[in-house]
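The data blocks that follow each hold one structure.
Each of the two complexes below includes chain A, the first together with chain B, the second together with chain C.
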Partner chain A sequence: MTLRNLFLFLSLMLLAPLAAAELVVVANPRSGIERLTQEEVANIYLGRYRLLASGLTAEPVDLAGDIVLKGRFYRALVGKNLAEINAYWARLVFSGRTRPPHASENVEAALQYVAARPGALAYVDRARADRRVRIVFELSE
Partner chain B sequence: MPGKFIMHSQRWMTLLPLLAALCGGSAWAAEHDEGAAFTVRGFGTLGVARSSSDQAEFARDFSQPSGIKGGQWSGRIDSVLGVQANWRATPELELVGQLVSRYRYDESRVPRVEWAFAKWEPDARVALRAGRIGADFMMLADARLVGYSSLTVRPTPDFFGPLFFSHFDGADASLTWPLGGGLLRGKLFAGAISEKTPLAVELWDTSGSSTRGLVFDYLDGPWQWRASTATVKFSHGIEFARQLAIRLRDAGAAADAAADALTVAGTTTRYHSLGVVYDAGPLQVQAMLNAIRHEAGYLHNSRAGYLLAGYRLGAVTPYVGVSWWKSKPKPYSTGLTDPVLNGEYDFIMATSIADQTTYTLGARWDVLSNVALKLQWDAVRGSAASRLPVLRSQPGWNGRTDVVSATVDFIF
Partner chain C sequence: MRGNVHWWHGILARSLMAVVGIALLMGGVSSLLVNQVVGERAHRLALLKLGELLDTVESTVSIAAFVGDEQLATEVAHGLLRNGEVLQVTIRGNERELVRAERAPLRVVNGDALLLMTGPLPKVGAGETALPAVKRLLYSPFKAGEVIGEIRLDADQGAITARVAGATRFISLLLAGQLILVIAAAAVAMLYLVVRPLKATSDRLHRLDAASGERLAVPESHAKSELGRLVGDINNLTARLVATIGIESDLLRQQVIDQRKYQDLFDKAAAGIFVADRDGRLESFNRTFAALTWLQRRKESTGRWLADAGWQAPERLLALLRDALADPTGKATRADDFLLVGRRGDERWLHVAVTPLGDGNVQGTLTDVTERRNEEISTRRLATTDALTGFANRAGLQHALAEITPHTPPFALVMLDLDGFKRINDALGFAVGDQLLMGVAGRIRKLLDARDQVARVGGDEFALALVGEQSRVALAARIGQLLRVLAEPYDVSVAGKHEQIDIAASADIAFFPPMATTCRSCCAAPSWRSTACRRPAAAVSATSSPPSNWRSSIGGALKTTCVMRWTPANCIWFFSRLLI
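This part shows the complex of A and B:
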């Protein structure tokens, strides 16, 4: 193995966990939703339109306790950092228009919330999406 | 003035430790697992600004009785503190109350109820609100006190300055539906304004003026389009204009038309606006136009617009903008030969002339995810006749001033 190949091998080893940690949006299996588009996910999370095709009202969940994951989600979804997302919500909340997403402290709490409510949605690493939820959108980072 | 500013500043500063304790930026907007039914949030701005001209006072909008001038730093025009409580009584029903302290018509900062309404959302497409609600006359206008939500230090006075009220008591109804890949939202509102507006020589009571309007927004990915129209029918006239009208009528029938032009009570003003916002990743561009049409001859019709663009580089977003506000004077004259009456009439008619362009350069630095620092320079370049946008203009006013502002905007 040449030095160059060794470097490549080590790089891949180091990057592998990051590449595996793909972000997905999950919904309750009883939501009646198989897939969502990026536009639909953005409309739900930005409070623009929360009516699902199945007729349920979407209840998005934010990960308040994991700002790294939350930051990755909004960067991948709309290209915004958390300060910009906060500024966006400041405008809507203080003009009394739309409710921001529900906040869960960690991924497990978010999954429990989604499992308990037919209209709820959350974002998690793909590896955390278990049988309680259904993957409805994959984010490309 | 400097003493007054220091006093205000000290009062504000005592709030900072409290605010710091309350600040939990990353999770700011979200409703938590616990206590989701009741939330209390707040916003504020600590700002200082100086305006170079000593011939007129620069103010943020028509609600402020005094502005800033003569190169002195002041915290008067931009500092604000607001607290809002939301209570979700049921999944469909929410009650919202907001208290705001800012420099107001009576020169105090006594907090007042900015919003107090019930919102009912029977499904995700429909929202009905009743109570005291924000006047959504122009795009972004109902959040214009929340400095943290915007790129610039203040909404450009050329465009938003003529909005002398921020809320009304009444109701609105909005409906959102998907259309052509985007979302179309229509909103109707109606109610009564409860405001007092400081003019140079008197406090104009505009409470009880009726308002209604129609707003359309179209949201498509990074694009947001807006068209709106709204009317205000004034309940009360302006006393000094009324007094002058009486004297004109006494002077002769020739002046009747000129006297009629001074009547404001019972007349209607129409506000039309078009706007577009492009907001994609680090780039943000806003372009808006408005046209304001007054039935009252004394108030000149005007057009205004602005263009604003910002690009985020890391945590800093530099921005540039240009705005303009131009009125079209109505050609009234008394038809009399009395030089005193003619002089007073022409002076009054000249007070509602706007003719200026403002160039803006600034930067917003998001130091925390709920605190932003802003530094801004506005170059106001108008004609000497442009007296409406400023307060207490002196004979030497040449329509030009440079305003430098620095603010800390936060939410908690």
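This part shows the complex of A and C:
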């Protein structure tokens, strides 16, 4: 880990409570989606909806490298902790029909993934949402 | 007496049959109950187990339904179907059915017993609830209260039935085993406690000679049981029987002795003794009886009749027998004297007394009373005869008149009266009076028919009964002749000297049966002394009170007869009155 990353991590740790309100769900601007409800986001991320409202295949992205952010996201979205979410996916993976969201190492990778695919969705801090993506839902924690 | 008792009639067989019957009945009932109870319990357990199964898989199924993952749902369903009691699993999402899995009829139940279901599965129509089923709503794992589907488990009725059948069979077998043991124990107990001692006692009793006083042995260890009491009672009865037999034989001996005594008395009694039935058939009689009645004693005493003897009035003797038998007290003795006339005409008076014996026969005793009867007859003859004239006296006339009945042949009663006899008697003495009376009597006797009767009813008064129908004229002629004959002089000796005495007689007359005559015609006819009918009819009352002077009474009464229309009844009454 670089010094810069360390700094970032520490600053995030310190600023996390402040930044909590700024978690948003972003989509590809070409996805045809303007806004999503919390329920829609939950259904997409938990594998229930495979298609977006616009007809595109939904491709949600998890932040595998940022456990804190991931935890915050699921807590805010469905009120479950990561262990529960993992157990949930364990059962579904077992059947082989439904797959968990694509796992990205960091926010940048997630943003790139979303920018590259029209049906992709990711959750990031509001501050990191740039022009490559469109904010479709704001999580309140 | 009955011989052996067949085993199928025995107490043991009957008791065992009763016990087996009750056991079968109770076994059947309890099998049904067990089936019912076990069935219900299995049903409940099945539902409970299905619920538990659902608890186990609920969260996974919820996830499958949430995602709509048929694969996962199918996995879960197959997992559930591995359980022996689950027949069918249905998992539905909100929009569609995710999976419906069912088991084949061949399956393993309980893991240890392989049961082959041969019959078809019970069909479950719409709305029927024969199969126990558990339904549960599925909720979203992420949003509380949101229904996202339903899971339904159907239990395998066949498996439950098979399990129930197995349990029932097991319990029934257990019960049957127990019952067999109980029956066997009961049979053995009964055999040793009841049947064998009873049979031993029964056999001993069967061979018992009660009359010899033999006693029955009490079966071992039954001294205080009902059997012991029974044996004791039998022994008491036997003892009483023996005592009774002893008394009876004593009585019998006594009776033989008594009979011998009585036989002796019977044979040697001075009185004749007989036993006869109501028709006079002789059952038995003694030697004296045969001797008294001149019956020949034959060897056979039967077939002899009381009437075989020469009784003068056998029907009266039979009437006496029947009278004694008809007596309501059954103890009355009837007795009378009967005249027996022998073959050679000799007579014998027998006093016969009969007493009913109570069996329809009478016993009678005969005593010879000929002597007494003869004495009685001569005494009576003396009493009714006038010693002087040999005619009947007043008592004799009274006796004769008393026997008048409506069938008595007609007669005329003539009352003769010697006029002035008292004066002759007073003047010349009784001896001359007696000679005179004997003369009168002799003349009367000569003039009378054999049938006519004469009585001297007073000192100089004679009553003549002239028997036979005769006209008044003829009668008047007879009486006129009689009076004439009597009026002729009588030869008497007065103090040794021969004298002649004249005496006149007068007559009054009455008739039987009474003639329809009047006073006038009666009094007009005769030419002898007649008295005018001064007191017609009223004279009857004069006779009803006893007159102080019977002579005047006769005169009055005879006058009265002239005016009376007589009947046989008042004729008898009249004559009896006349003579008192």
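Heads up, the rule we're going with is that the second predicted complex is superposed on the first by the 121 of 141 C-alpha atoms of A that agree within 3 Å, B and C clash if a C-alpha of one lies under 4 Å from a C-alpha of the other, contacts with A are read in each partner's own complex, and residues count from 1 in each chain.
One rule holds in what follows: a residue touches a chain if its C-beta (ideal position, glycine included) is under 8 Å from a C-beta of that chain, and two chains touch if they have at least 3 such contacts.
Because the structure is a prediction, the values reported are computed rather than measured.
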Partner chain in contact with A:Ile67 - chain B first, chain C second, else both or neither: first
First, second, both or neither for A:Tyr88, with chain B first and chain C second: both
Touching partner for A:Thr57 - first (chain B), second (chain C), both, neither: first
Partner chain in contact with A:Leu139 - chain B first, chain C second, else both or neither: neither
Which superposed partner A:Pro101 touches (first chain B, second chain C, both, neither): first
Contacts of A:Arg48 with chain B and chain C, given as first, second, both or neither: both
Chain B or chain C, by number of chain A residues touched: B
Contacts of A:Lys80 with chain B and chain C, given as first, second, both or neither: both
Residues of chain A that lie at the interface with chain B and also at the interface with chain C: 39, 42, 48, 78-80, 88, 91-92, 94-97
Interface residues, chain A side, partner chain B - complex: 39, 42-43, 48-51, 57-58, 62, 64-65, 67, 70, 78-97, 99-105, 109, 113
Interface residues, chain A side, partner chain C - complex: 39, 42, 46-48, 78-80, 88, 91-92, 94-98
Complex interface listing, chain C residues touching chain A: 60, 63-64, 66-72, 75, 141-143
Partner chain A, residues of chain B touching it in the complex: 25-33, 36, 41, 43, 82, 84, 86, 88, 94, 96, 98, 115, 117, 119, 123-125, 127, 129, 133-134, 136, 140, 142-143, 145-146, 148-150, 176, 178, 181, 183, 219, 221, 280-282, 312, 315, 366, 368-370, 372, 411
